[in-house]
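Questions regarding the structure given below will be posed in turn.
Order as written gives the chain letters A, B, C and D; numbering starts at 1 within each chain.
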Amino acid sequence: MTVRVGIVGVGVMGADHARKINGQISGAEVTVVADFDADRAKAVAAEMRDATVASDGFELISSDAVDAIVVASHDSTHAELVHAALAANKPVLCEKPLAPTAPECREIIAAQGDRNLISVGFMRRFDPAYNELKRASTPERIGETLVAHCISRNVVAGPGDSAATITNSAIHELDCMPWLLGSPITEVSWHAGRTSRHSGVRQDPQIMLLRTESNVLMTLELFVNARYGYDTRCEIVGEEGIAQFAIPAHVIVDSELKRSIEYPLDWVPRYAEAYRYELQEWVDAISEGRPSTLATAEDGLRAGVVADALVVSMNSGGRTVTVDY
Amino acid sequence: MTVRVGIVGVGVMGADHARKINGQISGAEVTVVADFDADRAKAVAAEMRDATVASDGFELISSDAVDAIVVASHDSTHAELVHAALAANKPVLCEKPLAPTAPECREIIAAQGDRNLISVGFMRRFDPAYNELKRASTPERIGETLVAHCISRNVVAGPGDSAATITNSAIHELDCMPWLLGSPITEVSWHAGRTSRHSGVRQDPQIMLLRTESNVLMTLELFVNARYGYDTRCEIVGEEGIAQFAIPAHVIVDSELKRSIEYPLDWVPRYAEAYRYELQEWVDAISEGRPSTLATAEDGLRAGVVADALVVSMNSGGRTVTVDY
Amino acid sequence: MTVRVGIVGVGVMGADHARKINGQISGAEVTVVADFDADRAKAVAAEMRDATVASDGFELISSDAVDAIVVASHDSTHAELVHAALAANKPVLCEKPLAPTAPECREIIAAQGDRNLISVGFMRRFDPAYNELKRASTPERIGETLVAHCISRNVVAGPGDSAATITNSAIHELDCMPWLLGSPITEVSWHAGRTSRHSGVRQDPQIMLLRTESNVLMTLELFVNARYGYDTRCEIVGEEGIAQFAIPAHVIVDSELKRSIEYPLDWVPRYAEAYRYELQEWVDAISEGRPSTLATAEDGLRAGVVADALVVSMNSGGRTVTVDY
Amino acid sequence: MTVRVGIVGVGVMGADHARKINGQISGAEVTVVADFDADRAKAVAAEMRDATVASDGFELISSDAVDAIVVASHDSTHAELVHAALAANKPVLCEKPLAPTAPECREIIAAQGDRNLISVGFMRRFDPAYNELKRASTPERIGETLVAHCISRNVVAGPGDSAATITNSAIHELDCMPWLLGSPITEVSWHAGRTSRHSGVRQDPQIMLLRTESNVLMTLELFVNARYGYDTRCEIVGEEGIAQFAIPAHVIVDSELKRSIEYPLDWVPRYAEAYRYELQEWVDAISEGRPSTLATAEDGLRAGVVADALVVSMNSGGRTVTVDY
């Protein structure tokens, strides 16, 4: 059986999903595409082996040619599209965020019931490096985890204020660190100092302290105009040792009195494998009729609630805020 | 259209190909499996979505359920199976070597004519690191290439003498270095010193000097009982700079007064991506009815002829031998 | 002219200073040694070319055979020995801390007047890596500094509570980061989560946030029972790039499926060069009758005042504390 | 006792020795300087605490103010100056080469008799990295050594042909590899391919194969116009593991989509510590009246004889040449 996938929204992210599903994933093909920009939809459909264009996301969701849906359209449309997928009783992979607010997330979760239809696109859970780090940071290898340090740097950020940066960018750490550490975040505080002249209206960089239920204290530096390269770092500090990411690079070049490796300009090369593994697992789970190991709607809610707590801390001078799930 | 693939030989390599084609490749599925060990064939077929077992490779090749064939059986069977695929006019991906001797390779090439049916499994051409190294070692980046250094180390070798080690193991460098440097190897010499106590009947390590038509001089250390880890290195030395592989590692662990990264035990993790890209390109080219970018039968012949010249050098005290294509 | 040095206290640190001055420093020699353990004093004196043993630090300071004094005795004795050196009008290099409290430091500074006699042993200012980091983190190279991350890890700590750990160990960062960043620390907060089972009575690790007058926000992880190795890290994050320490290692060993470099067990190898450069500059400045570039008594006071503010934060649940110089 | 040192030749190397002896070495001072360029001699003498200028090397050697001599003048003058030092019965540290030909070296050795007066400036024996590599490449750590790979690259070479490059530059490996491996080089061959457009009259790079009496086979790439940076590499391949140099760097800078470390322009920073340790050991041995651990005149002869064998191989089309000591 081939899973017939409809893609709603074929901007950078949705088009990349479409190409991966069509060209690199076993057991799936893209059959319908929709986008508010009809030309863009047509162009991406034309790249596929055999795909049509729907007039909008709702038509796509209800199409008989679609078994499962990827929602990669504008954030503001996610909630209603996911509701439509639930109404059609079809599996849906929704890019984060599931919905703009926690109450709206909770409504979606209620509407889903026990059907396991919703997956949320926290692809870092499928990144080979994060998975190897998870395996390397067990008590047997490095002792009990005590502290973690995360750094998330983009080259150049799009528009957005400090709160939006937390909600859209820090959200990845807010999902994957509890997954990695096996414990939810229960307390946060937000800090900042000098801001980059490239930062626009936002504070950049931002420093956050996060505490898990298991009392692991984390530092998180979020710097979305770091200029030098796209860079995700994570270090797990245990009682007997530490584990951290190596710099991902295939090749070293020595020239002009320097030994250098290259940074990517954005997340695309860094997480290409993560997206592929995520999509393959999503398709396999649908084919086999089992729950996938992707992030669930509840995971999406949890990350959003932590982000909200960070915004509260930011707006109250950096005070420590307890996360209320 | 889904390419229906038959796999002849499902030992470690063939079973891995079968699993990749069935679980990670878009547009293909394994439909028939054959192996001299019928239980092994049955077990691998059972892992597939919908595959049967053929009584032997020839039955598999002529099956109506098979569009294309992977030959991963014992080296001694490759030539006759490839001839059978040519007779059936079906595309065949043959693991190296294509045939045990140059004359037998030439017979196969003659039988193929201009049909472009044969691909040879030199997967390094699809390895992301080799491809990035090729892009990094252009005249614009590092000047004209002058010298190259290759190191190929296995943890523990199977049985085999020095000549077999060249033919089976060094053969990968003998194919991919001319591909990388854009020039065939025209002159070789073979050298050795102290041999490892783990080496068995073979000389281990072996040191080879290789010269391309473009007069790039290469050193190649082949060490198949290196114990410490599976390790492929390649350094391209240019007039203005050098390019070389970084050590592939996702995670660094610090413990017990050491900072460490792990080596794989064998080629499987090192070249997993290369095999996947190679198979996807093979399937895509078949689907699209175009020649693939995999190594051709002629490439397989060329690498074999260089290996033969190295064996001649070895058997004549290390003298310099001109390669006669 | 050879500077004749007296060493008060020849435990690990003082004996190391004595050996360096006698064997690796130009223009100086150790002439008198004192220690509360007379046998230890005798043993170290016997290692020197031509040194005698004084009955105590005060006799040593007033000896005609001593031009300059190194104070490396127990912390509790520093203040009175430095006062004695001032009374004798002789240059003194005092290991940190200068005195146990800020008022006592201020008394010493008052007693010194404008004589430039006191240097404090913050050797990191002479570490080649810190100096290269300082040169690499200028606005021209990485833009204005925005954030810094420091990590200070020991393998196994001696006895001491959390406050003592700040005062004795974090003190090095509290001195060298303002030196490196060119701005004093004005605000601090102290944080902690799960503590190591190896931590004894102290909280370990501790996380501190430090803010400079120039509004650079720093994270500092102090972990004195880190087990895996002695490790000092520092990363300077600028508007256009970052600069950080490389891991200091001369040799890489590959064995048993691992590529490894070794960590030192303690600070001795990590800072051997720093101590040598510090001592040479101290001796050169004395010979040439000029102020040295070592940390001054005022620097020692400043670092102590920041440490005191961190202890206040720790004792008040992690609140943000303004540093009052 | 302070060893009073005379320096003959104060070009880059001699002036550096003078500054080190005067400013960084315990127990020595520069008392007399000579150079064929009288102004240069005066300038360097003026930098010292208390040094005079001799009219030539012979006057310096016989001066009552000189206990020991450093010969750092032009290569062509070494032999006669060393003979003069032997005649004066004073210790002499001669930069390599000791003499232009093996017979002249043998004459010097004969003139020395059993007096242990001559040391040769093969400073790599005192380099911390080479010493750590020697300790790391023991049978206990990596098994019996089987193969070694050396790379020696300069940024830009001065004038000289291929033979001079071997004699002046490769000579360092020819001395230190036998020292490191504990076995003399007994067989060599010389190879070359495409030459750099920056190479001038010489072949550049050159590839050499060297075999020790213990049957360790070595590759040596000598590339004196490598442009990208001054770079010395050494890898020891053992039966159970390998040991090699880490890249020496204190600081990593990330900027402009690159992570970089800097290469030095020449040997000065790379071997600064080696020269300092070498000079300190030379001075200590003189002070203590014992033989030093510096390379001896016999070591100098041995390296020269291997270099001569390489030139023979080069001039005879790369044939294998047995080294005749």
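Assume contacts are C-beta pairs under 8 Å (C-beta built on N, C-alpha and C of every residue); 3 or more make two chains touch, one makes a residue touch a chain.
Going by UniProt, the chains are A, B, C, D = Inositol 2-dehydrogenase.
What you see is a predicted model, and the numbers here were worked out from it, not measured in a lab.
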Among the other chains, which touch chain A and chain B together? C, D
Fewest hops from chain B to chain C - one hop per pair of touching chains: 1
Most remote chain, CA-based centroid, reference being chain A: D
Distance from the mean Cα position of chain C to that of chain A, given in whole angstrom: 44
Interchain centroid distance [CA atoms averaged], chain C/chain D, Å: 37
Using the average of all C-alpha atoms in each chain as its centre, how far is it in Å between chain A and chain D? 56
Shared interface positions of chain C, touching two or more other chains: 227-228, 240-242, 249, 254-256, 261
Looking at which chains touch which, would you call it a line, ring, star, complete or other? complete
Which residues of chain C touch chain D in their complex? 21-29, 128-129, 132-133, 136, 141-142, 240-246, 248-256, 261, 280, 284
Quick check: in the complex, which residue numbers of chain A touch chain D? 155, 227-229, 231, 247, 249, 254-265
Residues on chain A engaged by chain C in the complex (per definition of touch): 143-147, 149, 191-198, 205, 207, 209, 211, 214-217, 219, 221, 223, 226-228, 237, 239-242, 318, 320
